[in-house]
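Two complexes come next, and they have one chain in common, subunit A, joined by subunit B in the first and subunit C in the second.
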Partner chain A sequence: MATLIQNTVEAPPPWRGVMGRHPACFTLMLYIVMYGMYAMFDSKALSSYTFTNLINNASPLALAAAGQTLVVLARGFDLSIVGTLSIANVIMAVLPLDGPWGALASFAICVGVGALVGSASGYLVAYRGVQSVAATLGVMIICQGIALLILPAPGGMVAEWVSDEMTSTLFSLVPASIILPVIVAGLWMLLGKTDLGTALYAVGADQAAAELSGIPVKRTRLLAYVMAGALYGVAGFMLSAQTATGDPNAGMPFLLLSFAAVALGGTSLAGGQGGLIGSLIGAATLMLMQKVLFSGGVSSFYIGLFQGVLLIVAIVIGRLINRSRTGDRP
Partner chain B sequence: MNASPETLPSALAVVDQRAAAKTNPETVTAIMLLLATVLLIFGSKLISPALGSWEQVLTILTLGSFLLVAAFGQGLVILTGGLDLSVPGTFMLGGVLSAAWIGSGDVHLWFFLPTILLLGGVVGAANGLGVVLLKVPPFIMTMGMSIIVGSIALGYTGGSTLGAAPTLLKALMKGDTLGVPNIVLLILVFSIAGWLLQSRTHFGRNLYAVGCSPAAARIAGIPITRTLVLVYALSGIASAFAGALLTGYSNGATLRMGDAYLLPTVAAVILGGASILGGSGSFINTLCGVLFLSTVESVIAATGLDQGWRLIISGTIIVLAILIQQAQASGARPGLSRLFKRSSGQPKS
Partner chain C sequence: MPDATAATLQMQGISKSYGATVALENVTLTIGPGEVQALLGENGAGKSTLVKILSGVVRPDSGTLRLNGEVYAPGSILQARRSGVTTAFQELSLVQNLSVAQNLFLPSALKGIAGLSSTKAMHAAARDILERYGIGHLGVATQVSELALAERQRLEIVRAMQFKPSLLVLDEPTAALADVQWLFRLVRELQVQGTAILYISHRLAEIRELAQRATILRSGRSVSTVDLGAASDGDIFEMMAGHGVVRSTVVPLKRASRPRPVLVVNDLEGCNVKGVSLTVGEGEIVGMAGLEGQGQRELFRLLAGDGQPKAGQILLNGKLLRLTCPRDALRAPGGIAFVPEERKVEGIFASLSSANNITLPVLDRLSTVGLVSPHREARAAKAPAKEVDLSDRYLNFRIGNLSGGNQQKAIIARALLSGAKTLLLFDPTRGVDVATKEAIYHAIRRHAANGGSVLVYSSELPELIALSERCLVMYGSRIVADVAGSDMRESYLVGLLTGNAQVADAVSH
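Showing the complex of A and B:
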């Protein structure tokens, strides 16, 4: 405690101030630096094809991390992300609906399933007071079970329209997979103007104070999980477009990576500080890092090593940024 | 350190609750679990006459022994308000290294087995340092560590399966002494040792204090950093030992051997009535939780249900156990103190 007070009194260096107010700036810079490194390793890095591939890879994680951000902002951790993604993926593989209208229906199913799972987690956490890790762990295991019942082993085919169109390049410049993350970012900015957006931060920063100032804490928390669940559903939709097949364990890698993306994007894991756009960029940075490591000649065996280390480093950096931000206040 | 977001230790709620808890709900939970286990074993005879035999009980005990050893460490970590998701990593580390370094020839077993356990402890200590010094939330720190360890092991073994277990470990898992299966002796000795450590030592009592309220524990002069690092290290050692045992039992090691043990360790501790927020629980209760879970698992396996159903059932058991616990804990306390939920178990003094 004493060290914390000391640190907040010290005037932070000016660059930390800018970073502190806009943690996403730091992440964006990291992304650009890493892209430069990638271009050094691989001469094709600057082509539109490679860029589309990168965005395609990052899109599911970005959407999943966006959902995780909402829960983290409201002071929680959502492990059910694994289950929702897996269920959305196996539904897409078992029930391929072709054509644009089929894709829209699949999209709606994924969002609906996600919101349903999210409301289960949200109910347990907000209305029954269960600790979020424990509640969402239980929900995650149940969802993994459901995914296994729908599709016991990897297989199935995702509708061709989805896997083709969602991974294509529009006007030979813009990757189609960037559209959904951009829409989500837009919705996030709109949310910031509403009471719910304010309540989200208030609940995460100080629940007792939020309650005393008349904010519907339980409802806000529930909605955070529901919106997060819907976003995991969207992530599952994009993942299916990406892999074109189903896997009952498809969501597993997203657990660690979503937290890494959130932390890298400058959102405090203690809640109440940060934002969704940082997480989107954080996710893109993580996936880019994998590409850089591969092209740098690192064996795929050791990817987990770098992911784990980066996760911890990202959290420590994120905390330093957040600390300097609180230091900014008079 | 209670780094989980909802964990707001309220000294008031704890004191409030100490007055309320006259009867020991922990003992009730333990008896209920044992009763349910016995009923399940006899009830399973209805499904198949092959079930409910002494052989089946022995199988349950054997399969439960890995879980028990790993759950011991998990229980200590949960007691301090943390969570150890590195079990798959350290478990696999113990198993794979037992097969790779010692192998069936028992090469330098007396040097390598302690070294392997020590390595598990080093991984655990790294978890503890990350949680205490870097202030990374426990479940994220341990999850990251598990992936790091798993990745290094994958690179080290090149992804191949190792099939050779030390004879000592094999004898421990499958042999018997004076007509009593070694595994039963192991469970007995381990349970008594674990209970003594958790409930009858200075160190164990410190854990309850840290889990109840880190701030109060600090004021009381408990060395929090050292205690927490030691707890995570112990969990790493226990889980590596469990991995070594499984290698002895299945006569081989795979890179994914620990994955199936993560959730059951958490479930066994929570089923035993320990609060996920820390500060309560006893190892005897974890033992009861392990027996119950292993029995459920073997009965489900005997019915031939899909893996999906097994997951759904175990997930539901975890959620229900927590909800029942919450209901018990909040029954006595009205109003705002519900925000600061604590389970009903109390440290023994």
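Showing the complex of A and C:
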């Protein structure tokens, strides 16, 4: 039926599939440039010790931001991130399970608690139609309360095996704390090859069209929150490994930083565009930024200010690059 | 005519209401295999509700559906699809941030190794489908957002067709298509294969080319199913418009000479507005008619200062207006006040009192050194409230708690109090009861009698005929007719509305 004269609309290069639409490349470039600056200011920057330290610092935020990405992609905001991280942290501190098997059990508990909290948020948002900020704010406050009940004041000890091994350097080269983010990135790539992964983008872009296309919108939303919660649990696990102690307010700093990492990673806060890997790198970049500013001799009073400005500039530039890349088509 | 036992689809006594609004009432429809049946009706006649019921998006309140003889009660799009009913939606149901291939297979991608979706397999299969339906020039990996509207429409149609349904619903499938022959060829092929097709369109010429029979909906009821060969266009318009329409008690004013022009629009261009020129005179009520999405909404918004025209002039009392926001329109000498259609979203501030809502645009007049006196505010709200017959006791209620009719009265009171001489009313009586309608008509008439000018769009033709002296008809982003006097008859206007001007003329003369 098709006539041969019809000109073929050129197919976009493969990197512009769902995952590559808002490529994390820009964020990665930013990270590399910043690492270069860091190396200029500080000669120890290229040592494996420094690198391990950086990754250790960034790992909990990266995992938390990865979870936040899933909710943001489905057009939502998840404030319960704070509560889940805090609960995971205090459980690790009051219930230290030593040895590799103990660590595995702790890990499973953190993931399970996170998924449970996520399913509560997800149920409220997807099936009860509560606005995501309102629902997750309520869940966050409840979780903070629970964390306080478990551990009323900072203290406790995280199992030694966890705090030692999860922050060590493997083969004196690879930081152990990078393993979980890498696994998460791998799982994300698999998710992109499932109907759920596609549905996540569809729901975030246009709920009505998704529904009319036969996508189970409610279930997709719910699962986004459950998976996100599980990732916050993992983030809490890594945070505990890093701090080695418990704090019922441990999750607080992650709230805004997780959104910053998501935005810096090229994910649209309006949903439907972006990806998880960008957020992982975005989180690493945020933490590196602090180091660079500090080693560059910027007074700690100004670090927050610079960080904010850099964040905005990076996001604006990232947007411009992506627009010029996609804007050449009518 | 196919007999009932062999029918592909049989709808019997289908009713659906949303709250107090009856969308469909006792609708009966039968389509046989290989039949293309048209569904005709004005705005709000219930066409889209019928489409939603057939596609499994909403469930009917009562009545039975049978598909190929079996009870058909789909609870979702997917169930409908499994039963053999697919729909190409008017609003297009493609997900814009996914590729053409992904959209074709939603919600389940083709799987390769280990149950993971295989881009390669999907692209190959999608290419086959696109070729088969004659749109092989679309790139399967292209993101839908990068396609032109016409291509998206084609893709929407192909997606519905490729599931090989026994009933295919096409809702305004040619709205964005310049080349309709492509669609006609595909429809005829499906027809030969025995697919039943429900074809919804307001373009009579297309319908006559494709369909054998047409079912006409009016106010949610199926008026009749006619053999298109035996019914003239005039008959069809008559059936769509209906007889015995209740006339408003307000009788249009007759005037000898043309009034002084107040609002003059020259060659206005904008999104969905093409070369629109119009004049509204002092003391004149000008009606505007148009089917959904013909550009009337965009035109009203441009005139109200919400959005910038690409070209053209808006003159008020002979002065050129440059509107950057609705505030400009309100503050212009003479003033233009706009009453939008979505009162819940754009009209009211639900948590404020009715009095607050009415006095919002003139708060500066009611305040001393920036502080608003509640007493003066309440007093100021009383006069316009009386104009629209809004009872005083409602003034202190939160407007969100009032009925839709009273909310609408309050919004019109606000427009009156703003002091603007020119009112733009977009469907001011949508969803209000008869008494409220009368009150609103009287308020509009009084405003005009006092030297104000009114441009009013309504989805109800009888209302326009009763209310206005002249009626402009919008079709395809343009004003296609300016009808006055005895030409303002429903059957004639329906012809103009649906872009069948010649036919309408034939009916008229």
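Rule of thumb we're sticking to: the second predicted complex is superposed on the first by the 277 of 330 C-alpha atoms of A that agree within 3 Å, B and C clash if a C-alpha of one lies under 4 Å from a C-alpha of the other, contacts with A are read in each partner's own complex, and residues count from 1 in each chain.
Note that in this section a residue touches a chain if its C-beta (ideal position, glycine included) is under 8 Å from a C-beta of that chain, and two chains touch if they have at least 3 such contacts.
Everything numeric here is computed off the predicted structure, so don't read it as measured data.
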Classify the contacts of A:319 with the two partner chains as first (subunit B alone), second (subunit C alone), both, or neither. first
If you stack the two complexes on chain A, which partner ends up touching A:194: first (subunit B), second (subunit C), both, or neither? second
Based on the superposed arrangement, let me know which partner A:144 touches: subunit B (first), subunit C (second), both, or neither? first
Between subunit B and subunit C, which one contacts more residues of subunit A in the superposed model? B
Which superposed partner A:104 touches (first subunit B, second subunit C, both, neither): neither
Once the shared chain is lined up, is A:29 touching subunit B (first), subunit C (second), both, or neither of them? neither
Which of subunit B and subunit C A:273 touches, first, second, both or neither: second
Which superposed partner A:183 touches (first subunit B, second subunit C, both, neither): neither
Of the two partner chains, subunit B (first) and subunit C (second), which one does A:214 touch, if any: first, second, both, or neither? second
List the residues of subunit A that touch subunit B in one complex and subunit C in the other. 204, 208
Inside the complex, what are the residues of subunit A that reach subunit B? 75-77, 124-125, 128-135, 137-149, 152, 204, 207-208, 248, 255-256, 259, 269-271, 299, 301-305, 307-309, 311-312, 315-316, 319
In the complex of these two chains, what residues of subunit C are touching subunit A? 55, 57, 76-78, 81, 89, 91-99, 102-103, 106-109, 115-117, 119, 130-143, 146, 148
Under the touch definition given earlier, write down the residues of subunit B that touch subunit A in their complex. 4-7, 83, 130, 134-137, 139-141, 143-148, 150-152, 154-155, 158-159, 263, 266, 270, 276-277, 306-316, 318-319, 322-323, 326, 330, 338-339, 341
Subunit A residues within the subunit C interface of the complex: 1-2, 6-12, 14, 16-18, 21, 190, 193-195, 198-199, 201-202, 204-206, 208-216, 272-273, 326, 329-330
